[in-house]
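Attaching a single structure in structure tokens format; questions to follow.
Just so it is clear, A, B, C and D label the chains in written order, and each chain counts residues from 1 on its own.
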Amino acid sequence: MPFRRLGPSGLRVPVFSLGGWLTLGGSVRGDPVREIIKTAFENGINMFDTAEGYAAGRSEEEMGRVIKELGLRRTDLIISTKLFWGPHEPQNGMGLSRKHIIEGTKESLQRLGLDYVDIIFAHRPDNTVPIEETVRAFNFVINQGWTFYWGTSEWSALEIEEAHHVADELGLVGPIAEQCEHHMLHRDRPECEYAPMYSKYGMSTTVFSALAGGLLTGKYNNGIPPDSRLAVQKEQWLQDRAKSLGEPEGQAMLAKIKALADVAESDLGCKVSHLALAWIARNPNTSTVILGASKPEQIVDNLKALEVIPKLTPAIVEKVEGILNNKPAPPSTWGRPPLDPFGRSSL
Amino acid sequence: MPFRRLGPSGLRVPVFSLGGWLTLGGSVRGDPVREIIKTAFENGINMFDTAEGYAAGRSEEEMGRVIKELGLRRTDLIISTKLFWGPHEPQNGMGLSRKHIIEGTKESLQRLGLDYVDIIFAHRPDNTVPIEETVRAFNFVINQGWTFYWGTSEWSALEIEEAHHVADELGLVGPIAEQCEHHMLHRDRPECEYAPMYSKYGMSTTVFSALAGGLLTGKYNNGIPPDSRLAVQKEQWLQDRAKSLGEPEGQAMLAKIKALADVAESDLGCKVSHLALAWIARNPNTSTVILGASKPEQIVDNLKALEVIPKLTPAIVEKVEGILNNKPAPPSTWGRPPLDPFGRSSL
Amino acid sequence: MPFRRLGPSGLRVPVFSLGGWLTLGGSVRGDPVREIIKTAFENGINMFDTAEGYAAGRSEEEMGRVIKELGLRRTDLIISTKLFWGPHEPQNGMGLSRKHIIEGTKESLQRLGLDYVDIIFAHRPDNTVPIEETVRAFNFVINQGWTFYWGTSEWSALEIEEAHHVADELGLVGPIAEQCEHHMLHRDRPECEYAPMYSKYGMSTTVFSALAGGLLTGKYNNGIPPDSRLAVQKEQWLQDRAKSLGEPEGQAMLAKIKALADVAESDLGCKVSHLALAWIARNPNTSTVILGASKPEQIVDNLKALEVIPKLTPAIVEKVEGILNNKPAPPSTWGRPPLDPFGRSSL
Amino acid sequence: MPFRRLGPSGLRVPVFSLGGWLTLGGSVRGDPVREIIKTAFENGINMFDTAEGYAAGRSEEEMGRVIKELGLRRTDLIISTKLFWGPHEPQNGMGLSRKHIIEGTKESLQRLGLDYVDIIFAHRPDNTVPIEETVRAFNFVINQGWTFYWGTSEWSALEIEEAHHVADELGLVGPIAEQCEHHMLHRDRPECEYAPMYSKYGMSTTVFSALAGGLLTGKYNNGIPPDSRLAVQKEQWLQDRAKSLGEPEGQAMLAKIKALADVAESDLGCKVSHLALAWIARNPNTSTVILGASKPEQIVDNLKALEVIPKLTPAIVEKVEGILNNKPAPPSTWGRPPLDPFGRSSL
């Protein structure tokens, strides 16, 4: 398993990690959770991502229990959790106030059965709390030894910039990574909006939904299978997504995915899911791609993407870009002539 | 119960909260304290205010005992206490020195039986201690995790500004709220003197004596009832207040209160106490109005003020201002022309 | 003429000002320029906006000449200019490098025949220059006494935040105002994206195109008149705009404008242009609405909007919003409950 | 003539200086101005105080003209002026914005015919301008070499503290002196409110109205003489003052002045005016007492107060305090025991 630095930090994370969203503690409980985590660990995945809001805390509980049962050494693991959607009363029991960040961290650690995690992400921005309070609170948590780093999740570039502004002024630690949605069909934010965050602060991403919620496995190419998540689960956003597949935009998207599948098979000898995972993993700003799994086999299969990464030559990349046709445009220079691309053109 | 931010912080406090001054641990002890706090909590009041100096520490003890007995979850509560009048020797056992702030906080937490409170107020300014020492000491207490925030109580705007001056220079946290007397008959300091603190630092107030020690309930309109606090309690300041009611100024005050009672009944269909509470609660710089209660029924009655707040239309406000005739004048512009009121003219 | 503070500064600007874009020095030259500026000044407009890029410098030249001819006292005037599109070679003769900001300021002052202006705007962001260099250069220009303040024009909120980040860290002065397009048909950026800039930094706007390039005068309601700008001028963006009016979106826009004209006439007894100008002027974050004029009469007519501002009652505002149907949504709180609207809920 | 440091600065000012308020350029013009200034200088007074607002600029013009006519060496002089009430349009032509401070300084220097003054006072606070802008603007003026220092005049202690807050944070120079009204009948602000400004920032005062507008000369003791200022001048505040002398408070004040006159004559062998001037001059926080004069003889007479200063023994001071009965009370310690007065009790 290759390792990469997480943002500007010295922490090394595996290119593929395992996340608990929707599955661990949610649709998967008990022994199967242990089998999934065990398989991941044996295949080189030593980073596990969860959140206080996943399955109302049960994701953290299951993960913590399994880590203990498997007897994994704490120093061999990288554990990330996320704070925002707390399980208690809604006025002060959620969000990014000092009160919830501190109280929420204590409760997360208790559920995980750990003294500390490696990184805590702010699961969403909270525009009802001054950013200074949030930055100070995460630094308090770091200074207590309850986490080593903190990051953001689905914040805008402006919100991240505001956090670094405050952190710089107060001599505090800013966010080192963004946990964001990034896949072949969702590129503007991670590839364009965040560009200054990568170059100015050395931040990187921990990516979720690299397979676009399963779309990029190709399993919806011929309709929604009756046992798939889109057929089974009832959340509104899943229902909406299912419906959208029947509409013209959804159909165009499925056509792209079929074309990608052809490239994967003919040019790379792999599944479209491997191409999709490798595509995100090869992005220099990706530190880790968080895999979701409801069965151990999925992990083993997904990791085949590791072999695809070096096969993504300029020619293949151009072919894929031609199919996707969604490469974010560079920002306008308002008429200033472009800089010589062979020189130090970038800021 | 509506919630508001406390000063520039992300902490949300209920518009009405419960305070222990004079009653809890003082004139009310034991089971009745539990009934009062229980009633408050069941009616949406989850913020409780006390002080090391209330009933020589018994207020904190009673409040802590009751929270435990009722089995209230800590994260669901907002607890504020105040330091200045400590219960021990007078040279170093009170005031705002580093020694007393740290020792006093520890003893308050012990009496409350809590690991931390949400905010500690400096119960008065202490001009015998350099402000830098006080600001540093409160930040120490925050960094220990013993409180999330600190505030001031009955400080002058100058003293508050001095605290922020030091805090800004040292990268420390300044006071976020002022616990002050504010009622229809006492407006200059909260409405005028503190104005720059609201606009520059986003501070807000936690108000005590919104009913002017009972005057604004109208109960003294026809003389001092024999069972009222002014008749029963012997403190000098209460005696002074009782005496002043018989003098011309006191009589003029009672006349105003009677006129307000007419407005309350005829225009709003409520008691003058509801009008008085709503009047303070509608002030945009008020975060919470601290209610005092010696019986549970008083809380339920006082909360009827919530329904009066939206009824305070510009016409009613003008009528009330006409009766009060004590609206603080805006600061002089020394002859500079006024700014366009449709723009953002204020600092 | 009412005056408002410009951003967080103490400079007071008239609610309506006069701009040179497209007209002064461009389509209007010589004596007519004097008549326009004279009429403006006599009607209370003492702020004049220009740019190095307007008519390749001739706008500044004409404005400077007329100020001298009219014998206007410098202290009675507010002069703003903008830097980005310099008239010389394109590699270093434009943009926001230290070289161009300093050289460009000198040349602007020379064309204007002035020792200093009141504010210089960065006419566009320049992502090929580090923001630190730009902030330092504007502070150099301020410290030379060549301008009192600096601002931005059509920067993103992120770019403005980056400028304040640098300014705060270095103890320098950040931008105080944004010169932006703002009209009834273009609201997202000025009303939503910039919201944190207003609240955090006290910035305000100097608005251009408040009449949407003439659309909101209603003159295109029944086709493009042969003597109008859209018919006469050949710039690509004007041609594009003309073409778009014939398409479904353009037609829907014209329908809205007709409905607004009805409100203006029936409810306010004014033209739709007066309603449109008053609408922007009533926005608390607008400091000044920059009027364009090719004839003196247009200024006198436009200023009738001053009488319309106080007529924009909540009922009228609601009616207009119903027609426009483009009010920007507030940012998501991601499930946190709303704060009490009677308190100071906003950051 | 004894000299004292002006505030925390190294500038030495004479204990008595000459001011232009109401007289020079106002009620006194032309040659008599020269005679007054000449007499002052020959008697050791080398500090001259004026303001842009005195006689609409004519005070500065007369003073500048006379300095030139007398051939006084610039380095031998200390010139102070004050900015706030500028002579031009009222929106940006007055107050403490960057625009007016810079433009106003330039115009003051032009009227004075000087390259620089020694100190510029902000003649009043301006709460319509952010304090940061004012502090930055005065520092700009200092950095241009147009003045050596800046001060405040009739600001509240809070406003002065705000100025130092900003100055400290930005590494700029704060105000070094307060030009304030201070006399035996007006003591609270200069002796009590400003106390922290003296101890924290080493500020001192340049005092005006030390004779209470003539009251403390005793000339109104037996009615308003027909040729006195209160009889002759028509300004409202002078009229109000004249009227107040007939009322009970005014009568009590005159009785005090008569008693002081007795002390002056019997105990000190001087006039009450000498006692009054010496009383202010002996205050350790007074740097200079600004004398007003409409005739040269007044200066010579006033300077006799210099001999009275050392005669103000503890016994005399106690006697005077007994008559005045207006000594400001020290601030409350809220019940903390007083500190040992022989130790380092003060902050």
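To be clear about the criterion, contacts are C-beta pairs under 8 Å (C-beta built on N, C-alpha and C of every residue); 3 or more make two chains touch, one makes a residue touch a chain.
Source: prediction; values computed, not measured.
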item	value
Identity of the chain that, by mean CA position, is farthest from chain D	A
Angle of the C-alpha superposing rotation, chain C to chain D, to the nearest 5 degrees	95
Centre-of-Cα separation between chain D and chain C, whole angstrom	45
Intercentroid distance (Cα basis), chain D paired with chain A, Å	67
Separation of chain B from chain D, taking each centre as the mean of its C-alpha atoms, in whole Å	41
Shared-contact residues (touching 2 or more other chains) in chain B	3, 5, 12, 202, 337, 339, 345
Graph class of chain-chain contacts, one of line, ring, star, complete, other	other
All chain pairs that touch each other	A-B, A-C, B-C, B-D, C-D
Touching residues on chain C, where the partner in the complex is chain A	84-85, 90-91, 94-95, 124-130, 156-158, 161-162, 164-165, 168-169, 196, 331, 333-337, 339, 345, 347
Contact set on chain C toward chain D in their complex	3, 5, 8-12, 46, 73-76, 78, 118, 143, 145, 148-149, 171, 173, 202
Sites on chain C touched by chain B in the complex	2-5, 12, 15, 198, 202, 204, 281-282, 284-287, 309-310, 337, 339-340, 342-345
Chain B partner contacts - residues on chain A that touch it in the complex	86, 88-89, 91-93, 95-99, 102-103, 107, 126, 128-130, 133-134, 136, 140, 143-144, 169-171
